[in-house]
Amino acid sequence: MEYFLQNLINALQWGSFYAVISIGYSMVYGVLMLFNFAHGDIFMVGTYIGFGIATLFLALFMPILPGWVIFIMVIIVTMFLASFVGVMVEVIGYRPLRGAPRASAAITGLMIGIIFETGNLILLGAQRFSFPALIESVSYNVGGVYFTNVKVLIIVVSLVLMAALHTFIQKTKWGMAMRAMSYDFKAVPLMGVSINIIAPLTFAIGAGLASVAGILYGQAYPVLDPYMGILVGWKAFVAAILGGRGSIMGAALAGYLLGFIEIFVAMVFPSTFRDLIAYSIILIILTFRPRGFFGMAHSTQLRL
Amino acid sequence: MTALLEVKNMTHYFGGLRAVNDFNLAINPGQIYGLIGPNGAGKTTVFNLITGVYTPTEGSVTLEGNNIKGVETHRIASMGLGRTFQNLALWRHMNVIDHIRMAHYSQLSYGLLGAFFGTPTMRKQEKEVYDNSYRLLEIFDVNQFATQNIGNLPYGAQRRVEMARAMATKPKILFLDEPTAGMTPDELVRMIEIIKQVHRDFGVAIFMIEHRMKFVMELCESIQTLVFGEVIAEGPPEEIQNNPEVIEAYLGKEDLH
Amino acid sequence: MNFIKNFFRKFSVVPLAGWLLGVFAAVLIEFYLGEDVISYYLYLPKVPVLFGALVMLKEPILIPSVLAYDLLVYVIPILLVARLTAPLTNGLAAFLENMPLWLATLLHLIAFYGVLHLWAGINDYRVLVVKLTMIAVILTVSLNIINGYQGEFSCSHPGFMALGAYASSVLTLKLFANDKVFGAALLPPEYGPYLFPLILIAGGLVAALGSLVVAIPSFRTRGDYLAIISLAFLFIVKSAIENMELVGGPRGLSSQPNFASMPVVFIWMSLCIWVIHNFTTSVMGKALNTVRDNEGAASSMTVNTRKTKMTAFMFGAFWAGVAGGLFAHVLRYVNPSTFGIQKLAEILAMVYFGGLNSIYGSIVGAVSINVLGEALRPLELWKWIIIPLILILVMIYRPHGLISFTEINVEKLLRARNRDNDTGGE
Amino acid sequence: MQLVVENLSVSYDKIRALHGISFSVEEGEIVTIIGANGAGKSTTLRAISRMVPADPGSKIEFMGQNVLKYNTDRVVSKFGISHVPEGRMIFGNLTVTENLTLAAFARKDSAAVAADMKWVFDLFTRLEERKNQLAGTLSGGEQQMLAVGRAYVSGRKIMILDEPSMGLAPLLMLDMFDALKEINRQGTTILLVEQNARLALKFAQRGYVLEHGKLILEGEADSLLDNPEVKKAYLGA
């Protein structure tokens, strides 16, 4: 039982990363119908930005401010900077391709990702950085289950972010515009809403979320690597589409599901079976529920 | 004589919404039949139900006495039911002659291995298909476009290619979904000639949806009027033309408060 | 501008055979004079590979020498010989036109291979690059069937490739090699090269069978969800192989017999192109396009869409499996991580760069990305900035790729060019 | 003149759908363009709201300003040209209220927006009953009301409507036209495209007849109604 609870907490933490990143992916996918294959690398860039800001702020404010204040400051500043990266990707990479076949945009995303990875290597070299701990880790033991304050923090911050995003999407007119766009983007300009504002905003939010996921990730697994985003990105892609087009909740749920499957498969089977079983489950789900969990009945054909 | 195409008591629901109610139809070989009605009356739905795009919730559909309800679309098509589409369902990256060639799909027997290795049988059959396709292009007067991409053709020519394509499936009955939509007067006159010619030379029966009364009056032996999924009138053109219910459906009520 | 126009007009009378002859002359010069005379006097350390791109990028001081070398060995001889022998080669082309097309094509192919063999034979590096490029051509053309002709976004090609590579490796290791894991050879090794085609076909069939996992869901779902299904399939294949101790797990399989010589790879590539060309120009093959462009119209025109979709996947996967088998026997080592996301990105890039729905495009895409990748190797990291940028530009200006929607017309390609009625290639 | 269209041509790919049409609409007027399917009616409206690009040489002016300089969203928010598109194009995944709120996206005067929304709910009481329902669950008639309501909220100096009667039962159709009359009374100019020619001409003050991308007739609505050519075009009599 303890063993199970222990893994449940691990799965919640792991799922939180996936969920936050998938939501970002799902935003872009849902609103603009794009495969943003650069998203994993935006996550990577966000993590590095977070790393830079964290190092800087720790050097500046360490003795003056308590750790959690710095933590929040790092999150806010990083989100802000990372969202610029997202906007840039939209404006430079995707906007010229708005009328083009979706597959071309997907290839562009893939290439932007490679440029990010290589650019990172060129700028920072092959040196491996390690993310500074912003919060001092404290372990607790409740009934034989070990967990740390960092784990709890990661889960809580993720949930708070998701709730905040949910509110934004549901309550603000910007959120309404995004939802409307995912339903019928042709009609959106008729409401006096400019697509050239909503699209970058969507990318900005996606990138901001990814960077927070990166900071959280850095607290749990401090080693940074230019290629850290690739696998995470593809998994977010899976989760976003599994969740269903235009469904933020679906993406979050699919992210958690992916985290849970991966952790619990590793609990029962040798850990090398993780991908095999996780993806077999996804394959079966999609074969029998070809629209994901909360997907709208919409044509998702890749037009040539 | 049994009818070529017979539809009995066909009803269809989309979700809870009744789109077509108790639709009946019997078309004899060689007959030209019209289906008119205002926008949104369910005319194209009737087409899609008969051609197998949707399976009717209730009722029966037979072609030459064989049941075609619930049969796959491509099999219904190869049994002798050709069609055109309201908004031109052409293949955007394909040239004109290939459009016609493609419609011979079910008439080929060389199989996949034949296609892979270019066997003599394959070459022979492909040659026949090519020649037949070109002949059809000539009949519909679009042979000068043969190797052009379909998107480069004027609208009227695209419509004629679509007709030629439907004829390449060797239909016994041809479904035309608004064959004159968006045509200029010249093209319109030409289309009437072409439909008459197809009817005469190929001996097919025709079932058409059309908005232009003039066109329908000139071609059809009998007309059905569909309003909100129900047939409100059926009969020869003159009768339909003077039917007060039909006039009302088209022009709207006389009084407007 | 006028100069360029004149230049092209001058050379428009040269038929394909003429160009082949020109290249043959250049290769002969390189073969006999390249190392000892030309390189020596131009202060080049040895015969430059890949037209000197590597040397130039490593030691910029040698740029003039390399350019001079390329000019002397390639540009001038090719242009001169091609132009001067044009009357002769046109006569030859005219003569060949009277033969059956397949014979003329075969003769051209043999000539082309001869030249290629001679050129690559100068060093082992060239041989390897040429072999890998030819395998890339098979991969690209076969993925084009699914992603271009059929219009899906399939991500499982490295998975199909892995199936073929492992299936054929296991077979050759079991049958023809004394291996630690698979035991002594079951058949005399000298039969190997003769049975190798059958083994490759077996590998292809395994891949085709595996593709059913993706093909069957494609009846009901298209586009995005199918992309995910195919991606999941890729991860599953990779992970399954990693967990199979019999085939070495993550360590991979090595010491496959050396069956994939250059002529073998060349023959398979030609065969692949020929079969795919036949298929995609036939009505059966064009059914793929109709399913892509308008599925409703396709089935209304009697096309069996399910059969068509299944054919596209199985046929594409078959060739990916064959390519995988060749790949395994060229490198004589494979491991599961070879067939991951990286490989996927590479193949997708080649397909979309070259052009959708076009064998020409795929050949161009595979060759240029491969050669570019090799040539820019000295730039190390910057290579991975330059190639993606080129691809992004291509996507912006030619969203369907460089040469999309073009069929190979062999007759036009091979014909003589000196007649009045045809003023050169259009 | 509030809206002036001169020499408007539109081509899809290489095919020309509109051949240089010219017409104008006075402030507060109700004008209709009638014509058969595929005559180019929808294209005309789409060109005005910039959903499709006009060919070079075309001119569209609103209150003396060049409309062709702006994108769709600016045409709506800057000029108050609100377009009720063919097929309604309501956002089915948003509630009725959200649809209306979104329509006011670019408006800053929140008090006036609230008043406009209230006005819409008063006009279409059935919408008010369903204001928290997802728009996708509404019936066809209600969706049409929502589309008109949305256009009302989004600015509506001029409302251009594309076949508002399509797919409506006769009684609903008449209600809809009553509502439009009411909107017009509030000072909104109306440009209406209709297939139901008699209904449209009874409703409008002036009319144009479009055939194959050209305007072939124009005049007072009453005179067009009695015009034998119009009669012929619509029933082939």
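In this document, chain identifiers A, B, C and D correspond to the written order of the chains, with residue numbering beginning at 1 in each.
FYI, a contact is a pair of C-beta atoms (placed from the backbone, for glycine too) under 8 Å apart; a residue touches a chain by one contact, two chains touch by 3 or more.
These numbers were taken from a predicted model, which means no experiment stands behind them.
Novice: Going by the touch criterion stated earlier, list every chain that contacts chain A and also contacts chain B.
Specialist: Touching chain A as well as chain B, we find C, D.
Novice: Work out the mean Cα position per chain and let me know which chain is farthest from chain C.
Specialist: D
Novice: Please tell me whether B-C or A-C has the greater number of C-beta pairs in contact.
Specialist: Looking at B-C and A-C side by side, A-C shows more C-beta contacts.
Novice: Taking each chain's centre as the mean of its CA atoms, how far is chain B from chain C in angstrom?
Specialist: Once rounded, the distance between the two centres reads 44 Å.
Novice: I'd like the Å distance between the centres of chain A and chain C, where a centre is the mean of that chain's Cα atoms.
Specialist: Inter-chain centre distance comes to 37 Å.
Novice: Just the number, please: Cα centre separation of chain B and chain D in whole Å.
Specialist: Taking the mean C-alpha position of each chain, the two centres sit 32 Å apart.
Novice: Could you state the distance in Å from the CA-based centre of chain C to that of chain D?
Specialist: 55
Novice: Please output the residue numbers of chain A that touch at least 2 other chains, ranges allowed.
Specialist: In chain A, 304 touch at least two other chains.
Novice: So which bits of chain B are touching at least two other chains?
Specialist: In chain B, 93 touch at least two other chains.
Novice: Give the residues of chain D that touch two or more other chains, as numbers and ranges in rising order.
Specialist: none
Novice: Which word fits how the chains touch one another: line, ring, star, complete or other?
Specialist: ring
Novice: Pull out all the chain pairs that touch, please.
Specialist: According to the stated criterion, the contacting chain pairs are A-C, A-D, B-C, B-D.
Novice: Within the complex, which stretch of chain D touches chain A?
Specialist: Chain D reaches chain A through residues 49, 51, 71-74, 76-77, 82-83, 85, 89-94, 98-99, 101-107, 150, 154-155.
Novice: Can you list the residues on chain D that touch chain B in the complex?
Specialist: 13-15, 17, 36-39, 163, 165-167, 169-170, 173-174, 177-178, 195-199, 202-203, 212, 234-237
Novice: Which residues of chain C touch chain B in the complex?
Specialist: Spelled out, the residues of chain C in touch with chain B are 275, 278-279, 282-287, 289-290, 292-294, 296-305, 311, 357, 405.
Novice: Which residues of chain B touch chain C once you look at their complex with the stated criterion?
Specialist: So the residues of chain B in touch with chain C come to 51-53, 72-74, 77-78, 82-83, 85, 89-94, 98, 101-108, 110, 112, 114-118, 122, 126, 129, 165-166, 168-169.
Novice: Within the complex, which stretch of chain A touches chain D?
Specialist: Spelled out, the residues of chain A in touch with chain D are 173, 176-177, 179-180, 182-184, 186-195, 246, 296.
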